[in-house]
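Common to both upcoming complexes is chain A, partnered first by chain B, then by chain C.
Our next item is the complex of A and B:
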């Protein structure tokens, strides 16, 4: 299969998912408001902690702007969560609705269909997260364009490929164990914890910190916070942190693809992809 | 000419976990297909007949590369199922999941367009092919409505249309008339015949005997993973038809019955009264060839013949003879 055909399949998959979600407009509105509500809970806790909350927060994070810190955390988490739901859960959804077998009946490599789904998820996730960040900033009285907005965006864009590769890996697990809701929900809590959605991972014990640093969304979140709020990069320079995300690009997609391909073969050897 | 489908000793074993209470389970092997060897000829409608759980769908999934065989070999359009999956997928149109294999939030046109893209048609080809299929299935009125609003029969029709997207030389249709009402099923069978007349080879699975009998040139009977019989419908019937049964109604005396009994090749001739009529049931060993002698013997002995009813063997009889059960019985049990 040549590249032109592959891209055409990817765009068809992208278009198909956009058409489908256009028939659930309420969901698109919810996508924007959920990160704001999610951030509001710890923000209200901070406000209730009184006058010294900001200075105490700054001693651990490097910024007094805990409102921005939380809002950025929940907005990046929204992208991460979308990636897992839209790719990992999507596989399960196709399996349950009977269309996964149809995809496997076509002479198209699944990676192009997955790429189309990932592209759709990126567009939807980026749009809703940026909208949530802008509206949230407006509601909470923040300047959304403080710091280096484009650099923050670069951290997100570079982090997307390893992120979606991780979600493909997770999708392989879901295909194998045939359970999505509980696994994705459980993963969401784990992911939000590891990436430091509302707190710096500096507060983790060393072993847990190491695990968090092996997780690409942790670098995305810290990169965005550092670019916008100046909380400090892990390696004290934006290009070094960005290089780590690039390094993830060299490893994670191949690993995710390898695990997914192995799972596919194993499933075809036994019950088949349609069995749920 | 390459055989559209050929299998040699094709077997498939599933490994399943049988639950033993809340936390315990046990690994079990289920042999879904046991050494099936068959050959589908170019341009024929080949019926796969068997009850639920017989192994028909497993065979189809192996042929369409959804599953890998445990042992044995299979070739589809000359390609090896274990090695040339994409070539097979491009050369087969498949209706497998019935109404489930569709995107319900899309319209029929959007579904067909998407499936067309998966089969590498460009946008112009997709538009043309989509319209052709919509016209063929007479779905113009509902083509731009979301599939979720369709009746079960309309969804089945669209799933059938999906199998036509890549205009493949081999069509694999798994129970395509399920959930269709009588006129729609008959309409779909007419389309299948038309596609076959245009040169497509068709593998057609069904558990409806009359459907297989009227549509298929050759039929394979599969049960419990084994291929029990394979041949044309006539061949399968003939393989059982050692005794020929004919019912003769009219005014038939016991002397006439005796005259028939004395004919060579007659095994039994039983006289019965039915609603003030006499009925003679004659069982002969020589097929329908003995019928002229029977008529002659009856008329010579003074009988008045009003009706001759030859007992026709059906595919259902063949199925019962091969499996020891009726298909309806099996299907009922599987659905219970």
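Our next item is the complex of A and C:
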């Protein structure tokens, strides 16, 4: 199959999913609303903590702006969560509705169909999280363009490829264990925990910190926070942190694809992909 | 004699049939649950992660979290709030959204073609929620106590009564949500997400109501479940100063009792109405 046809399949898959979601506008509104509400939870915890909440927060994180800190965390989390949710749930949906096996019979490689889903998820996730950050900032009285906004955006964009490659890894787990709902829910909280959605990963014990540092979203979150709020880069310079994300691009996609292919082959040899 | 006995016998056999159908459905739900062991493990891990995310987030506002947050009564507020949040969240997904799963898998219409009790079908889902979420709540409570600090444990009987009433009302909300799922179909997933987060903020599960800005507090006061959360944790914490926050305890007790008795009836009525509408329109299996 040549590249032109592959891209055409990817765009068709992307368009199909965009058309489907355009029928559910409420869902798009919720995509924007949920990160704001999610950030609001720890903000309220801060408000109930008393007079020294902001100064204590500053001594723990490097900024007194806990509203911005939480809002950035939940907005980046929204992109990450969307990536995992859309790819994993797409696979599960195809399984449940009995169309996954049909996809394998089509003369198109699955990777292009998955790429279409990833592209759709990427556009939807980026739009909703940026909108959530802007609207949330306005509602909570923050300046959304403080700090280096474009640099923050660069951290997000560079982090997208390793992120979606990781979602492929997750898709392989869904194919294997066939229990998407609980796993996706657990993953959402697991991802938020590892990337430090509401706290710096400095609070982790050394081993857990190492695991968090091997997870690209951790670098995305800290990069965006450092660019906008000046909490401090892991390597004390933005280009070094960004270089780590570039390094992830060189490794994670191949690893994700390799694991997914291996899982796929093993399942097809045994029970088949249609069984759930 | 025989004319008197026939209706009685048929009444007994009707009750027996209802109970038998109910038990069969509970067993079926339990078997399905046991077939997915990863779900078990994932739910436990998820509870730990929820606790960890909010505890670590909250700890940043204190110099010494364990002692300061404990002094402020935050441990009781958060742990008892977590228990109610887990039930609330599971009810929305397990009772309400499960109807959608039956639609997607194509088994909902088949259930309606069978002579089995529709009531038993809906209530059987509650049993699993009670067992499973009960276990999760205990685990979550213990974990949170370990992370935040000593948990106040006063008035257990009053607390148990309030918990039973809140759960009963929450199941009613689940029935009503199941009704809504039949109407709005795919959008119900979004709505369940929305409701989960909206309840989390408006019912102040993890923080005191006084942290809410006035316009949100206004909406909190409109939700009976908020009074349930407030009354339950106030009672379990031995009514510390400033609690309950929304209304005097006697008023909250009445609201929670009425909610616990009426909501399941209203929820079930709504479900039957929605189901009849779907059958009349012929779109029960449409999704």
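We adopt the following convention: the second predicted complex is superposed on the first by the 276 of 276 C-alpha atoms of A that agree within 3 Å, B and C clash if a C-alpha of one lies under 4 Å from a C-alpha of the other, contacts with A are read in each partner's own complex, and residues count from 1 in each chain.
Keep in mind that, in the parts below, contacts are C-beta pairs under 8 Å (C-beta built on N, C-alpha and C of every residue); 3 or more make two chains touch, one makes a residue touch a chain.
Computed from a prediction, not measured in an experiment: that's the story for all the values here.
K.L.:
Here chain A is shared; do chain B and chain C fit on it together or clash?
P.N.:
After superposition on chain A, chain B vs chain C: fit, no clash.
K.L.:
Touch test for A:106: chain B only (first), chain C only (second), both, or neither?
P.N.:
first
K.L.:
Considering only touches as defined above, state whether A:261 meets chain B (first), chain C (second), both or neither.
P.N.:
Touch partners of A:261: none, neither chain B nor chain C.
K.L.:
Residues of chain A touched by chain B versus by chain C: which partner has the larger set?
P.N.:
Looking at chain B versus chain C, the one contacting more residues of chain A is C.
K.L.:
Name the contact category of A:16: first (chain B only), second (chain C only), both, or neither.
P.N.:
In the superposition, A:16 touches chain B alone.
K.L.:
Of the partners chain B and chain C, which touch A:8 in the superposed model: first, second, both, neither?
P.N.:
First partner only, chain B.
K.L.:
Once the structures are superposed on A, label A:97 by its partner contacts, choosing first (chain B), second (chain C), both or neither.
P.N.:
Both: A:97 reaches chain B and chain C.
K.L.:
Just checking: does A:37 make contact with chain B only, chain C only, both, or neither of them? Give me first, second, both or neither.
P.N.:
Touch partner of A:37: chain C, not chain B.
K.L.:
Mind computing the angle chain B to chain A to chain C from the CA centres, in steps of 10 degrees?
P.N.:
80
K.L.:
Tell me the contact category for A:269 with respect to chain B and chain C: first, second, both or neither.
P.N.:
The first partner, chain B, only.
K.L.:
Pick one for A:198: touches chain B only (first), chain C only (second), both, or neither.
P.N.:
second
K.L.:
After overlaying the two complexes, what is the shortest C-alpha distance between chain B and chain C, in Å?
P.N.:
Nearest C-alpha atoms of the two chains are 6 Å apart.
K.L.:
What part of chain A is shared between its chain B contacts and its chain C contacts?
P.N.:
24, 97
K.L.:
For chain A, which residues count as touching chain C in their complex?
P.N.:
The touching residues are 24, 26-27, 30, 33-34, 37-38, 40-42, 44-50, 52-53, 56-57, 59-61, 66, 70, 96-97, 177-179, 181-183, 185-186, 189-190, 192-193, 197-199, 203.
K.L.:
Could you pull out which chain C residues touch chain A in their complex?
P.N.:
For chain C paired with chain A, touching residues are 36, 38-39, 42-43, 45-46, 49-50, 52-54, 56-63, 69, 72, 74, 104-105, 186-187, 189-191, 193-194, 197-198, 200-201, 204, 206-208, 210-212.
K.L.:
Which chain B residues qualify as touching chain A in the complex?
P.N.:
14-16, 61, 64-68, 86-87, 89-90, 92, 94, 96-98, 100-106, 110, 113-115, 117-120, 122, 146, 162
K.L.:
For the complex, give me every residue of chain A touching chain B.
P.N.:
1, 5, 8-9, 12-13, 16, 19-20, 23-24, 97-99, 101-109, 113, 265, 268-274
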